[in-house]
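Order of writing sets the chain letters: A, B, C and D. Residues in each chain are counted from 1.
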Amino acid sequence: MDSKVVSMKGAIAAHVRDGDTVVIEGFTHLINFAAGHEIIRQRRKDLTLCRLTPDLIYDQMIAAGCAKKLVFSWAGNPGAGSLHAFRRAVEKGTPPLEIEEYSHFGMVARMSAGAASLPFWPMRNYMGTDLPVVNPRIRTVTCPYTGEELATVPALNPDVTIIAAQRADRLGNAQVWGLLGVQKEAAFASKRVIVVVEELVDESVIRSDPNRTLIPGMIVDAVVVEPWGCHPSYAQGFYDRDNDFYVAWEDISRDAAKLQAYLDEWVHGVTDRAAYMAKQPELKQRLTAKAQMCEGVNYGF
Amino acid sequence: MASDYSPSEMMAAVAARELGDREVVFVGIGLPNLACNLARAIQAPDLVLIYESGAVGAVPERLPVSIGDPSLVTGSLMVCSMADVFQLFLQNGKIEVGFLGGAQIDRWGNINTTVIGKYDKPKVRLPGSGGAAEIAVHAQRVLIISRLNPRAFPAELDFLTSPGQRCKGKTRKELGMPGAGPIKVITDRGILESDPETGEMILTALYPGNTAEEVKANVGWPLRVRDHLGQVAPPTAQEIDLLRHKLDPQKLFLG
Amino acid sequence: MDSKVVSMKGAIAAHVRDGDTVVIEGFTHLINFAAGHEIIRQRRKDLTLCRLTPDLIYDQMIAAGCAKKLVFSWAGNPGAGSLHAFRRAVEKGTPPLEIEEYSHFGMVARMSAGAASLPFWPMRNYMGTDLPVVNPRIRTVTCPYTGEELATVPALNPDVTIIAAQRADRLGNAQVWGLLGVQKEAAFASKRVIVVVEELVDESVIRSDPNRTLIPGMIVDAVVVEPWGCHPSYAQGFYDRDNDFYVAWEDISRDAAKLQAYLDEWVHGVTDRAAYMAKQPELKQRLTAKAQMCEGVNYGF
Amino acid sequence: MASDYSPSEMMAAVAARELGDREVVFVGIGLPNLACNLARAIQAPDLVLIYESGAVGAVPERLPVSIGDPSLVTGSLMVCSMADVFQLFLQNGKIEVGFLGGAQIDRWGNINTTVIGKYDKPKVRLPGSGGAAEIAVHAQRVLIISRLNPRAFPAELDFLTSPGQRCKGKTRKELGMPGAGPIKVITDRGILESDPETGEMILTALYPGNTAEEVKANVGWPLRVRDHLGQVAPPTAQEIDLLRHKLDPQKLFLG
């Protein structure tokens, strides 16, 4: 079968369009900043950006003018402060940004519904709170057995989902270990899927340990090989989270001009992730993961 | 017992004492994480730490600065998807203790982590619910940790993100919430506990050097005070030693 | 923490009671026959037995008089014929057996609902068929977003679920590879859980590869160490499926007397699984798995 | 072309020819499994085999006697839970072809695998649906494989387990079924295809040595026959060689 391996530039050009609903998932772990940067470089606009935690990458995309709307459940910079581009947009309207807000469970449930091709997902949640008051898409359904009222959220079916994985073969069969977040559900819910990997491996590596496969190639449209593509997020077994940069973001993002200068230098100012990494060679020394290998298991019969 | 300690150290110690061995705790970053690891080092070696990121039975070898830190995965008992975290663990009633904090807490333990001002015209936009709304609904019991000040304990919330003992006049039972909800608020001056009958948060114990009047002055509603106020012991030398020298030597969260 | 390791005799005596709703799960892979045999030996009765595929083990339990009711989705002997004890019960009422019937997806959905502590699970299924006609517990719900009608099944929350795993620690943190079936959902849905393992391992083995853990110890009540406990089913990496025995069952089960003689010899006639294995030493030679190890991965940071 | 072949060999060959390269097939045991592996060996090397047991991209090195055989796991691309099989793959429309068989098939391609006689007083109790009901609803198209005889193709089913083109007077569209349903019935004498307008199964092609009258005599309803009946080529030497010497040398399913 033909390889799906393309450059990041090619993957974004082919699969992310103005006005799309876009998901870049990964909960703390495996957030693919390289893809977000390429979307900024290609100046996509009017995107509906969906993620549980917008994190620094959506803060950058909001500041860069890519976003029309944000769908989310927790918009902060964990342990370090705020997402100030997000806050400026919501508090001052610069730039204007629509928001649609759930809790983490609500966002996970929306993607679970999308992945199962169901129009809604039921849950026991939100009673007595203001979330359904400001978000009329949080509704209720009556259980046909007990008569009790349960909360519902509507399916989320993005146009394109971008997820990172430690490794995949050239057809996009992707394996992940460490935190799994909601990536599987996001990918299955999506019309198009881009998988970005630290390492391209032979199909035989995938087939040697099929229980590690999170995403099957059949739902993948493009495979991008992008070592360190998640920095300042991390990839278990490859490199650590750059907590220093998360802390630094508080200062960068608080000042709109400083943030634009950051984008100019680190996004527009580089052609791709390789150039981004070449500008800061100390990163690899500081963040490369130590070895802590597990043993294999027997798949024989 | 230590005599020289910070309010944060006291709050972490008080929270840690709430945890029984083998309990299953949904851990947040900051003081809750410190409290859980303090409890593990003292009375609860088999406390099971679960993070909403999917790490179960985590034994972090460094202080995690986020709930998705890689140190929570390495050496943990299980990693599962977030769909499993919220459905099989939390909604399924397996979480015994949840920790929550918030920008605003009201007399029923309702919490606002969404917005200061109006939702459509915010003065300050806060991060939002994250997993807090569902933790407040489903954890078997919730402990709130927050420093006292009148803005943080207002008479009326600007937004109700996570449900407490009574929301808009209705009890948890009337609203069909499975967990017991917030039963204690651990502040920097004393402890509020929910009245078993009405659910209202009542001052039940003071830390050394604090008075009920000082607490009342920092709360935006007429705070009820229990007749026989408890006195909370200050941090022990062991608690202080663990917090300062082992758990947060860089004072990331104990500052 | 105290070890949960007990004998099979002790686990069944403590956790399986007359009248219980019992699930022994495992889809072809990891069906724990040893537990079923011990339930027969302890002469439990009036059980409601639930499984997607009753398989030989429930056929034996039905023949032994343990079952009051069967809840299932496919009652055959794959590639080999019928479950004749089941058929005699349903076709001739000897012994009488209530049945409650779904499709595989329906059974999986019932356990998913039970595991999530929801009263029902929605699905797109059963339209136009006779399954909801004969099973009034298959109902419908109206989507609060699209108005479409979806099928529902009610939650299944067993009294006790017994699952097999390749390995677990003494607290019941259990790891499984190969086919996963619906074991995780069944265990989380259940009031009590017994985990039966091929191998008891140190907690450090579990912690070395946390992504392989299927069942956390916190939901486990008893751990039974029972090598070859799944024969004639199989355990990937340990031993192969005994297809010869599955074929032989057609002949054994077709004749009620022969089936009783089988139970007398192989269930009541042995004290435990070790004795069962000692009676047929050729099994290990014939079925022990060949080695086909995968490589480990790096959990470092 | 082979001239000496069994009806089973012909059915396996005809079914294999229906499969395009790279298609995603939900595989059953027996003839469907043989057909898929025959197609993989000829025109569809990148056919993706999915089994309801959770094995995705299986490359079994022996003939599996059950859909949960360990040989389906070893060397496969992915193993997933059955909840994922039914929700993320099947209900989510990712399965392009599903194979079904059954004890009774009616003129609309509805299938009975549940019971002969009354449900409450069965003459013969069959295994039941398994995954068939949902495969019939969700696979993008379904191929039915069954030998012809009047009992297997009755005018009325004793029980409707898996939906065909029209159930109790209603079309798939009226019933809201996503997949195209059974579009062909591959028998041991010829092929029935569903009429694109009415959904009714119509004889459209015959195998060598069979007549339309013979087929009609084995069907319990007045079978319609297409004006220009196709002639299906017998198995090629390659097909026969693969089936007999590589795929099922012990004649487990080609008996």
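The criterion applied here is as follows: a contact is a pair of C-beta atoms (placed from the backbone, for glycine too) under 8 Å apart; a residue touches a chain by one contact, two chains touch by 3 or more.
All values reported here derive from a predicted model rather than from experimental measurement.
When the interfaces B-C and A-B are ranked by how many C-beta pairs touch across them, A-B comes first.
Averaging C-alpha coordinates per chain places the centre of subunit B 57 Å away from that of subunit D. Centre-to-centre spacing of subunit A and subunit C amounts to 37 Å, using the average Cα coordinate of each chain.
With each centre defined as the average position of its C-alpha atoms, the distance from subunit B to subunit C rounds to 40 Å. Centres computed as Cα averages put subunit A at a distance of 28 Å from subunit B. Within subunit C, the positions touching two or more other chains are listed as 117-118, 123-124, 148, 177-178, 180, 184-185, 208, 211, 234, 236, 240-241, 289, 292, 299-301.
Residue positions of subunit B touching 2 or more other chains: 55, 70, 73-74, 79-80, 91, 178. Taken together, the chains touch in the following pairs: A-B, A-C, A-D, B-C, C-D. Residues 27-29, 52-53, 72-76, 78-80, 82, 86-87, 90-91, 101-106, 108-109, 112, 123-131, 134, 148-149, 177-182, 184-185, 234, 236, 240-241, 243, 246, 289, 292 of subunit C are the ones that touch subunit D when the two sit in their complex. Subunit B makes touch with subunit C in their complex at residues 22, 24, 46, 48, 55-57, 59, 70-71, 73-80, 84, 87-88, 91-94, 178.
Residues 29-30, 52-55, 65-70, 73-74, 79-83, 86, 90-91, 110, 114, 119, 122-134, 137-138, 159-163, 167-168, 170, 175-178, 252 of subunit D are the ones that touch subunit C when the two sit in their complex.
Here subunit A touches subunit C in the complex through residues 117-120, 122-124, 137, 139-146, 148, 150, 152, 154, 166, 177-178, 180, 205, 208-209, 211-212, 234, 236-241, 289-301, going by the rule given at the top.
Across the interface of their complex, subunit B is touched by residues 1, 115-118, 173, 184-185, 188, 203, 206-208, 210-211, 213, 216-219, 299-301 of subunit C.
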